[in-house]
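Following are the structures in question.
Next, two complexes with chain A in common: one pairs it with chain B, the other with chain C.
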Partner chain A sequence: MRPRSPNIQNYRPQLTSVLSIANRFTAVISTVAIVAFVAWLVAAAVGPQSYDSMHAAAASPVGRALLVVATFAFFLHLCGSVRHLFWDAVAGFELRTIYASGWAALAASVALTAGAWLIGFWVRS
Partner chain B sequence: MSAAPGPAPSGSARARGLGSARRGTGAWRAERVTAIALVPLTLWLVASLVALGRADRTAFVAWLGRPLHGFLTILLLIAVFRHTALGLQVIIEDYVHSAAKTPLLLLIHLLCFAICVAGVLATLGIMFAS
Partner chain C sequence: MTIRSSSQVSRWKLPRRFPVPKRFGVSKDSRIEQGRHWPAPTGAKRIKTFQIYRYDPESGRNPRLDTYEVDLDDCGPMVLDALIWIKSKVDSTLTFRRSCREGVCGSCAMTIDGTNWLACTRFVSQTAGTASIYPLANFPVIKDLVPDQAHALAQYALIEPWLKTSEPPPQQERLQSVADRKRLDGYYECILCFCCTSGCPSHWWNGERFLGPAVLLQAWRWLTDSRDDAKGERLDALEDPFRLYRCHTILNCTRTCPKGLNPGKAIAEIKRMMLERTL
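And then the complex of A and B:
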């Protein structure tokens, strides 16, 4: 197949482009997470046995790791989408603002993920 | 809504699907409206799940059985699966250009609807059983 424009692989990754595609990747990961939440709801409705097996899967090291990934993906998608909502309202398009909001979204996602898990470990109910 | 600018397509252009259909922003808008609704709803859910910690079934069912919690969960499920279907549709439309496009779109929309209904039914079941 002959190359077609834009040849995205020829461009040096920048914060703007990386966060743009990240919003899609995190959307897909968040989709998997919300489907897992529905499975959790169904397991709770079905009975203690199915709930306990879901609980054991989530508490396993792999389940725990996937939950951390899902938490970060969700927060990055949330923060990235708030940027998009401002752009939809035709605000924040100056280059300085775009970079500032991009770094802010990334920092907020890391902080929210860390905060959620620290509080989660602290609650341990 | 006010009429779209520009001349209306002629009868033959319309029959051949040419020119402005004068609609089509609906999906784009619905994706944004659900996004705005999901900002508080998802933050509430994540905060609640963090507070629940490693709750066993009894504690989880007691939490979900509270009218406000069940109500917000159902609102979230409806908004999130509408948002998911519209978002995945855009991704498919951007990257899939084969004959698989239309079946994939159908599958995504039907699956999102079915999973949403499953979640709502499970929530209602827990609410009315407790």
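And then the complex of A and C:
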């Protein structure tokens, strides 16, 4: 058997590959978050006691951190999917556009996450 | 940072590799060992260090990483010049493919500083302080920097890369309009160096059945040729969950093509043509 030249152990991470694998990870995180969201709805439907314990978990520092991660993952996946929508129409394949849209998707998901949380706090107060 | 053309080397030094264990998915006989150090000749002033993957099939030992010091004042400007310098002045056993030394033949494709490029068109000055040179990522290694392309070429043969037509042979050339000829631009220039296929993570994980960007670019080159009338037959051969659709538009291929071509776009064109024929 011939040895195989290293692939992921040696190949440099680039915006292309990093955002591609990020799109998968964010899909997984979003799926888990949706299950948690349903659990929250079920808790609310069951009664005040179960809702209180669910709410306490979500409002704890760890809970809030996870919620921030989940919203960022949701928006990154959304923006990444918009890029894929253009690619499926055979648009935006020039290397400069690939990089510009990649960074734009990253910046937009940070802005959308911050915006969503600001609106959340503004609605509550 | 933004990249305008594939020839641009990222100014970012980090991250150099994905955060996976060094032995992640590496078979026992592919593990790389520490090799030996080859110092520069005495009196050399401008010294550049290269870490080069070595594998000798006759030694019965694992691949190793040798460190070579090159005297830049005695050596040409390209990475290929440095390899030839090492072979003729330091270690004659260093093995690599090369032919045209001007980016036309595609023989000297290798993984330089973690990305694929032709050694003959990459300047030594563009490489990292300690440059790393490996054979094309994920290819079986015959010896040192010589990859085994048998599987990649078999995949190329699978798409039947020749003109297929039911018309009788004409008395003269088969004519094409200027516009039809233009559709081949950006595809006929491919030199089959397999830099893109070697840099494609999808081909790393599913290379047995996924054809990879180089071969799919060639498939599109024939699908879009106005003189070819085997479109349906060609699309039938590609309509498969693995052969075509393992492409997830990662686009490492377009990032690394040493000829500045766009395999990612070619694959998207095939997917669209596949969709359009069902409408």
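Methods note: the second predicted complex is superposed on the first by the 118 of 125 C-alpha atoms of A that agree within 3 Å, B and C clash if a C-alpha of one lies under 4 Å from a C-alpha of the other, contacts with A are read in each partner's own complex, and residues count from 1 in each chain.
The criterion applied here is as follows: a residue touches a chain if its C-beta (ideal position, glycine included) is under 8 Å from a C-beta of that chain, and two chains touch if they have at least 3 such contacts.
All values derive from a computational prediction rather than experimental measurement.
Participant: When the two structures are overlaid on chain A, which partner does A:D88 contact: first (chain B), second (chain C), both, or neither?
Facilitator: In the superposition, A:D88 contacts both chain B and chain C.
Participant: Identify the partner contact of A:V42: answer first if only chain B is touched, second if only chain C is, both if each is, neither if none is.
Facilitator: After superposition on chain A, A:V42 lies in contact with chain B alone.
Participant: Thinking of the overlay built on chain A, is A:F74 touched by chain B (first), by chain C (second), by both, or by neither?
Facilitator: first
Participant: Touch check for A:Y51: first (chain B), second (chain C), both, or neither?
Facilitator: So A:Y51 only meets chain B here.
Participant: Check the residue A:I119 against both partner chains and state whether it touches chain B (first), chain C (second), both, or neither.
Facilitator: first
Participant: Share the list of chain A residues that count as touching for chain B in one structure and for chain C in the other.
Facilitator: 84, 88
Participant: Under the stated contact criterion, what part of chain A meets chain C in this complex?
Facilitator: Interface residues on the chain A side: 1-17, 20-21, 84, 87-90, 93-96, 98-100, 103.
Participant: In the complex, go through chain A and note every residue touching chain B.
Facilitator: Residue positions touching the partner: 24, 27-28, 31, 34-35, 37-38, 41-42, 44-45, 47-48, 51-52, 55, 59, 71, 74, 78, 81-82, 84-85, 88, 116, 119-120, 123-125.
Participant: State the interface residues of chain C toward chain A in the complex, per the touch definition above.
Facilitator: Interface residues on chain C, with respect to chain A: 2-6, 10, 15-18, 20, 22-27, 29-30, 32, 53, 55, 57, 62-63, 111, 113-115, 132, 134-142, 147-148, 199, 201, 204, 248-252, 254-255, 262, 264-265, 268-269, 271-272.
Participant: Provide the residue numbers of chain B that touch chain A in the complex, in ascending order.
Facilitator: Residue positions touching the partner: 32, 35-36, 39, 42-43, 45-46, 50-57, 59-61, 64, 73, 77, 80-81, 84, 87-88, 91, 115-116, 118-119, 121-123, 125-126, 129.
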